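The structure under discussion appears below in the form of structure tokens.
Naming follows writing order (A, B and C), and every chain is counted from residue 1.
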Amino acid sequence: MAKEERRKERLDRGIKARTDGLYAIQSWREVGYLVAPRAGLILGLLILPLILPGLYWQRVLALAGVYALLALSFDFLAERVGLVCIGGAFVIGVGGYIAGGLNYYFALSPALTIPIATFGGALICTLLWLPCLPLRGIYFAVVTFMFPFLTQSIILAGGLLGSTEGLSPVAGFPNIWVGIYLIMVIVLLSIFGLRRLCGEDIGIVFAGVKDNDQAVLASGINITRVKVYALFIATAMGCFGGAFIAHFSGFAGLSLFAVDFSIMPIAACIMGGPGTMAGPVLGAFILAPLSELLRGLGQLRVVLYCAVLVGFILFKPEGLLNWAARKYHQFEHWVKV
Amino acid sequence: MASKLDRGPIEEVAAVDILIYGIVNGMTFALFAVGFSFVYGISRLPNFAHGALYVVTGFIAWTFINSAGLPFWLSIILSLIIVSLAGVAIYQFVMIRVRGMPISEIIVSFGIALAILEGLRLQGIGGFKGFIGPGYVLPRFIDGVVDTPWVTIDLQRLFIIAVGLFIMGFMWLFTHYHKMGLALRAMAQNERAALMLGINSDRMANISLAIGSALAGLAAIAIMPLGNINCESGYDVLTKAIAVCVIGGLGSWGGTILAALTLGLATTIMSVLGGTMWNNVLVFGLIIFILIVRPSGLFGQQKELEERV
Amino acid sequence: MEEEKEPIIKVRNISKTFGGVKALNNVSFDLLEGEVMGVIGPNGSGKTTLVNTITGFQKPDSGEVFFRDVKLTGLPPYKIADLGVARTFQIVRPYLSLKSYKNLIVPLWSPRARRFAGSRGGDRDAVAIDLLEEVGFERDAYVPYKLASALPLGYLKRLELARCLALRPEVIICDEVFSGLSMSEIASMVPLVENLRIKGASIIMVEHRLRELFRVADKVIMLDFGEKIAEGEPEEVMQDPRVKRAYLGEEIEL
């Protein structure tokens, strides 16, 4: 009984075959093909704050930007270096409290607190997580997951740093536009910066550590040091996000350690396309407004993230951006077998 | 420790108090942990919904006793059955799909836990009142107090110790002598070999989750009467279960008991010295510390389960 | 008159036990500079454990290993590689997600390679392709540009060697480079090993394929159940009755 079967055949588009590797670009159309996605991303992020209605949505956008940074750092660490770190809340909290604290106690302006929080916070997070680096995947993940809870309980038990009320008021940005565009620019710089980094030789070493760390050891490289570099970069991004939130919302409190910050980046990453850098950013910009709409449900938002995560893992593990890139670069048609 | 506190006859009693209550506390830790440890030990599934199942049992039992007016024993048994089925449902409908991806397993089961715990807390959806407030209490098994020359202790707490020991003993016997228990242990030690012998991995996982959930429920029945039923304890139970498993390591019931007793005594002492708020710091701090220093746990036997660092 | 060659690797009384099984039992030997030494023995005799112990991937329970005058035991593997003792892996470990020549960027990025790089240090890609060509990747056929996951085993074994070469090692420890290869592939590997010796490296080769090993080895030691039961020139060792018994078993009267 012969059943007519079909299979999907995928062919690279002519343009991709010609431009991939950049051997020769023959026309403006081909230039356009290459530039369009990147331009779209840049323009999109820059224009979005202008077209959204009202203060409320602009605040959501800024928060989405912070989530984007977290998703980006998660993607970088997990997909490019092989370190699965679910301690996003800890990084945000450290950055937020440093910036908020410096402003609240010492009246330093945001122009100073944000850089100090970014790099000082990254230093602190990296040093604290340094002893965890030799741990295998899941143990490292669980340890980093626990850190925000530990810090929260220390702050509560010790009555430190404003305890349940937090530190308030914290100086804000002179203008909401400054805030929004600051975060958008940093997100864009981070995407392109990280992509560039991963193309450099050290990026190759990162990929080696992820693929086969014993072989990297046998090549005379101290993998703990390599992981430290990666961790510092990733936590710097998160600490910037935390510092940003503290100033943007004028408040630094225990909510900075919310478990949202740990779980949402993972959902955003899987949804947007792991490994693509821009994909997780896309995921964050979709999930953040979505979760805002569900604010009424309180903690159940995290259930949404988990649902998204599971859904995408099961049905579309390549993520949205990889799917879109495939459509862009290849065309498919059904072929009779 | 005793010598530090030994400043007079009153303080002397206090030391014994700490010992006894520390042991009780340790037993509660053990009861919290045994269900979680069992599931992870057998099926390598980190069931982060463990705490939620604990709380759910309490509420279901309460509903049967108060709203449905069923007799005590019937309510207990029914709620244990229901929570077992809930555990199986969690595996069969959700966890089975992410089996083998540990990060996803954790996040997914944690998501379910949140859904349950926060869902129970919700008010106003369809007239559902939400389980908030001090009014929800489970009745004790045994009322009354025991007066000894050293310390006064209520029978419920002694009951907890008894239940804990009973469960430990039962589980040990079960996994060493009963065919099903042996199959589960086989699964734990070498999944591939067990599969080759015809033991069905998914069925084992279902069974281990059923048993694990029932153990969580049993813990709830024994311990909840000491206080009231609330949703926050769901997170607390999970954390403590993880702490015991991490510190004690997997695969040895002895290790679990030792770790639980250590934690129980440590937190009791901490409460006396500094107040209960530092308990969380102690527990989280110990989890992190042990994971860094000795990921297989202080008494970990089954090193095969621990991936090589 | 023959010069006294200095031992470049000294292994002294190495022992290692794994939960009741003595993988290595008091093994000692010297590797002279410029020498090619073979390590043979039946499966489970402790050969790979020996390699792991020398290169730092496992710690011996007792005993010491010296490279020139530096004590290797207790050092982490990357430090040992940094000193100039490179190894290949029995089960090849390429970076599958990377292109072949990119695989070499990792060792070229290491501190040791950078020390040797000098003025040409900047263009690691070019150095990588040259190295691959040395081990037989045909540049014209664009083989270096293939993804490592697309390479057959023969090329992957050569990639392992290239990885070592990138470090400009003084000692190379080859863990079964000939195994899993077809006869023609092995035939093309042997000159590679010869080449390494000519360049001045001292080599330890753990091998099962005795015929090819004996073509290149100056000296051979044999391990059985973790003990060194023979040492000497290849022909001598093969005549040793203990060696015969270990490989072929005993004669029985029927």
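To be clear about the criterion, a residue touches a chain if its C-beta (ideal position, glycine included) is under 8 Å from a C-beta of that chain, and two chains touch if they have at least 3 such contacts.
Source: prediction; values computed, not measured.
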Required steps from chain B to chain C (each step between touching chains, minimum): 2
Chain whose average C-alpha position is farthest from chain B's own: C
Chain B and chain C: spacing of chain centres that average the CA atoms, whole Å: 51
Between chain A and chain B, centroid-to-centroid distance (C-alpha), Å: 35
Between chain C and chain A, distance of the C-alpha-averaged centres to the nearest whole Å: 42
Complex contact set, residues of chain A against chain B: 84, 86, 131-132, 134-139, 141-143, 145-147, 149-150, 153-154, 156-157, 263, 266, 297-300, 302-303, 305-307, 309-310, 313-314
Complex interface listing, chain A residues touching chain C: 201-202, 204-205, 207-208, 210-212, 214-223
Chain A-facing residues of chain C, complex: 55, 57, 76-78, 81-82, 86-87, 89, 93-98, 102-103, 105-113, 124, 163, 166-167
Chain A contact footprint on chain B (complex, rising order): 94, 97-98, 101-104, 106-108, 110-112, 114-115, 118-119, 122, 239, 242, 274-275, 277-278, 280-281, 284-285, 287-288, 291-292, 295, 307-309
